[in-house]
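So, here's a batch of structures to check.
What follows is chain A paired twice: with chain B in the first complex and chain C in the second.
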Partner chain A sequence: MTEYVLEARGVAARYGHIEALHGVDLTVRAGEAVTLVGANGAGKTTLLKTLVGLVAATRGSIRLRGHDVTRWPVQKRARAGLALVPEGRHVFSGLSVQDNLLIGGHGRGRTAVRRALVDVYDRFPVLARRRRQRAGSLSGGEQQMVAIGRALMAAPDVLLLDEPTLGLAPIVVAEVTDILTGLTGGHTAIVLVEQNTETAFRVAQRGYVLDRGLIRRTGDVADLRTDPEVRAAYLGETSRSQEPLPLPSPRKVTP
Partner chain B sequence: MTPGMKRCAAHGVFAAVVLSAPALFTRMPFYTLSTAVLMVMLAIGALGLVPLTGLARQVSLGQAAFYGIGGYTSAVLSTRYGIDGWTAMACGAVLAGALAWLLGLAIFRAQGHYLTLATLALGIALSALAGQLPVTGRNAGVAGIPPLEAFGIRLDGDLSVFYAFAGMLVLCVLAVDCLLRSGFGRALTAAGDSPLATAGSGVDIARLRRAAFVLAAVLASIAGSGYAYWYRYIDPGIMGLLSSVELLIIVTVGGTRSVWGPALGAFTVISLSQLSKQYLPGTGGTYELTIYGAALILTLLLLPDGLVGAFAAAGRTVRHTVERRRTAATARALS
Partner chain C sequence: MSPLVDFTVAGLAAGTTYALVGVGIALVHQVTGIINFAQGEFVMLGALLYALGCEGGLPVSLAISLAVTGTVAAGVAMQVLIIAPARAAGPDRLIMLTIGASILVQGLCLTAFGADQHFAPPFSGESRVQFLTTSFSTQYVWCAVLTAGAVAGLWLLLNRTSWGRMLRATAMDRDTARLMGVSPQAMSLLAFLLAAALAAAAGIVLAPLQPPDATIGVALGLKGFTAAVIGGLGSLFGAVVGGLVVGLVEAGVTGYLSSGYRDVIVFAVLLLTLMLRPHGLLRRSGS
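Presenting the complex of A and B:
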């Protein structure tokens, strides 16, 4: 049995003729929280989409609990334990909060769904109070709770979050960061894509620094946080002592 | 009153209004019983567009093709092979459902507006085919279709056909409402709102949309069969693009997200058409298309949720106003 709950090896992906990922390796252990950081266009969202099946991997393999899921469609991967909280939250605005959560439990037994609903309401009491309200009428922070709660309804092995604090007010960012920190340490592993490195490094234990479709650095967040090269080249901080790392140009792929 | 009880009461009111239509229609100047029968048939035919277009946001321009499949299957089986009308109607529904399922297998694998284009092509192709095949009577169509029989009664008059199909409309509305309140309806609404998040929640979107498409095809086929047995004649014109657009306009005007929308839409659109014939002298129905177009544009601009949505919004406004006044009166009394 593999020690990793999620294991991507040499994963490449492309949009049309442009290759956006050039062979990425990523591993996540059960219950672990890892973060993917990097500048805009580094390939973080593409990697998440490739892991969940929204973008097809053109090379490499993706394994979930040892099973090769590389060719599985998105819904099959979701049912197998990969839950995505997409960028922009994507709550179902025409449905109530409770119906949004029930969609997350799709395909699970009635008892399991009921238990999961109780767990989500315990974690997010505000959602219990607003369960009959249309999700589209909630605040940004509450909608983010719905999106996270919906993903948790599937009791996933790996929860993948794409920019969960994007577009939120600072006070709500702090609230969402607390929520994400509260999710760590349990059964569910977390893969967090976050522009806000403060949030990312607070939530995760390990990090991957992506740049133009390649993993440039990996290690404990404590090391990444203090690595001057990483800070200078990828986290937007200037360093006179370090030259920026050489970056590959996007590769053109012959169809 | 619980939401479930309110829903039951609303269905009761709907059934009472539909079933009392003949009493009203025979007393009004530009309505006839035939108009009421046509409205009921069109309402059944458009009902399937509520889950498909209203919730899943998939636009079909082939609803009339399935209407025609039902009509032709019933006409051919009853006139050529002497098969009982209800059995022939069921055969038509199975055939329409099977074709929709097969078509859906190919269409819903890809993303985009393939359904609209594919169903447009289906309608044109089937209409042309029906105009060429000897079994469908070529362009002359099929005449002499025997009327339906129920409990030993021949449904050969407008009134008997109306009650049979109005009852069927009420049952179909109830059945579709139950379906839309289940996990299926919830998933359809979610898929319409965000296909990405729905698929990411483990829902097979292609299968879901295919199921909605099959449901729409089956309901259209039942309505088409009913039309053939009522009119006793069917020709390729029934499957044309205009008929599909008419069904789409009906559901848009009535409300694409409510099971009562198609019935209200059929009433409104056919009434407008009748009014134009009655009060625009010398037009002889030539303004019908213009009126359909105007009704669609006005609805999209002024009532994006259709008439049912507008009535619901008006009801909410009245309720809030009454509550506000009551609260103000209580506050005045206390002070």
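Presenting the complex of A and C:
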């Protein structure tokens, strides 16, 4: 057994002839919360999709709890403890809130599912009140809670979240940030992708900065948040973000 | 005898068959993205097995079991042996394979059972139902009852069981369902199995009304497809309505024009629907 619950080594991925990830290393320890930040188009979504298997890794390896899952189909990785809250939430809008949650618990025993449901309703009381409502009729923030709760129903070892605060009103962003903070410190490790670095750095202890398909910086969140170069060049927080970056071309195929 | 009542009753009866075929096509399409043009052949198989069972002296319950088991086995075999191995080709190309499967099923049935018609007695013998000034065979009532029962059973399965929940989730968003651990292959198999069971039900009620032979599947499949398209290919309820519409149009044309125009008019309806309301008659266009 390795010390990592999730371990990606030299992972590359491509869309047609264009390589979007050029060999990424990312490791997550049990129960740890890490964040993956980077400008729009850096490859964050692609990396998460590659980890769960929605995009095939063209090079490198992915290990989950020590198993090499690089060639496993999406559903098998999910059953082995990997959960993704996808970009844009993707709730089953025609299903009730409760049915969405139950799908998340699919494959677990009856008692475990019942207990998980109680847990999720505890965490998100608004979902308990709306359990019979169509998920599609909920507000964006509530749908995000459905998506997170649905992923938690599987009691995953690793929970990947792709921009969970995107498109939400500021007050709801604060609420979701609190929810994510509340998820840390338990059994489930978290990989949080955020363009909102405020949220990212509050939730995670450790961070990766992804730029054009390569990890550019990694370290404690405390160091990353004060690193002026990170702030300026990689997170697009100042006017310098408009300048061309002194980095390898995204089309470079061999590292 | 009132011809209007006769045509309506006969049209609705044929329509229930098309409805069940259409529901099967819509279900498979929703879950897998594939249009299964072999669906009509499964109705043929169900009808033929039922009639053969009756001719062979089996009691009705055993003849029904034979038809359902045989048809479901054929549906599962098609998914396992033809659809699943080729799934990497994607739904568009798999549609061609379903046409191949349809020819294969028909060929096997012709070889095994010959081209002759086979006969099954009505469920309740020759009894008739009195309606206004006319009367019609009780078999038409069975038709309505069994179709309603099959559709209700499917509805309950989809809405009240965890398998149904997974099927619906897969139909709505396949990749997200996979992220929850739901296997699309398992769902595809389940959809083909359920569609075959619906086809068997359709064949069993059809057999006493229209003695089946090994060649009736093609027309049934195309009319069921028309029913599903009228319903928008997405809605099971829409496919039921579509099936009844096709049955009524067909009966009306047969009664008031000539049976020679029957199929032409039905396919004109299909063509017009595809051209003018590609999302079905019941759906808002453009959605």
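Here, the second predicted complex is superposed on the first by the 242 of 255 C-alpha atoms of A that agree within 3 Å, B and C clash if a C-alpha of one lies under 4 Å from a C-alpha of the other, contacts with A are read in each partner's own complex, and residues count from 1 in each chain.
Here is the rule we go by: a residue touches a chain if its C-beta (ideal position, glycine included) is under 8 Å from a C-beta of that chain, and two chains touch if they have at least 3 such contacts.
For clarity, every value in this text was computed on a predicted model and none was experimentally measured.
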item: Superposition on chain A - do chain B and chain C clash or fit; value: clash
item: First, second, both or neither for A:Arg150, with chain B first and chain C second; value: both
item: Chain B versus chain C as contact partner of A:His90, first or second or both or neither; value: both
item: Contacts of A:Val52 with chain B and chain C, given as first, second, both or neither; value: both
item: Touched partner set for A:Val11, first chain B, second chain C, both or neither; value: neither
item: First, second, both or neither for A:Val74, with chain B first and chain C second; value: both
item: Chain B versus chain C as contact partner of A:Val193, first or second or both or neither; value: neither
item: First, second, both or neither for A:His106, with chain B first and chain C second; value: both
item: Shared chain A surface residues [contacts with chain B and with chain C]; value: 52, 54, 73-75, 78-79, 83-84, 86, 90, 92-95, 99, 102-104, 106-107, 150, 154
item: Contact footprint of chain A on chain B as seen in their complex; value: 183, 186-187, 189-190, 192-194, 196-205, 257
item: Touch list for chain A against partner chain C, complex; value: 52, 54, 73-75, 78-79, 83-84, 86, 90, 92-95, 99, 102-104, 106-107, 150, 154
item: Touch list for chain C against partner chain A, complex; value: 162, 165-166, 168-169, 172-173, 175-184
item: Complex contacts: residues of chain A adjacent to chain B; value: 52, 54, 73-75, 78-79, 83-84, 86, 90-95, 99-100, 102-104, 106-107, 147, 150-151, 153-154
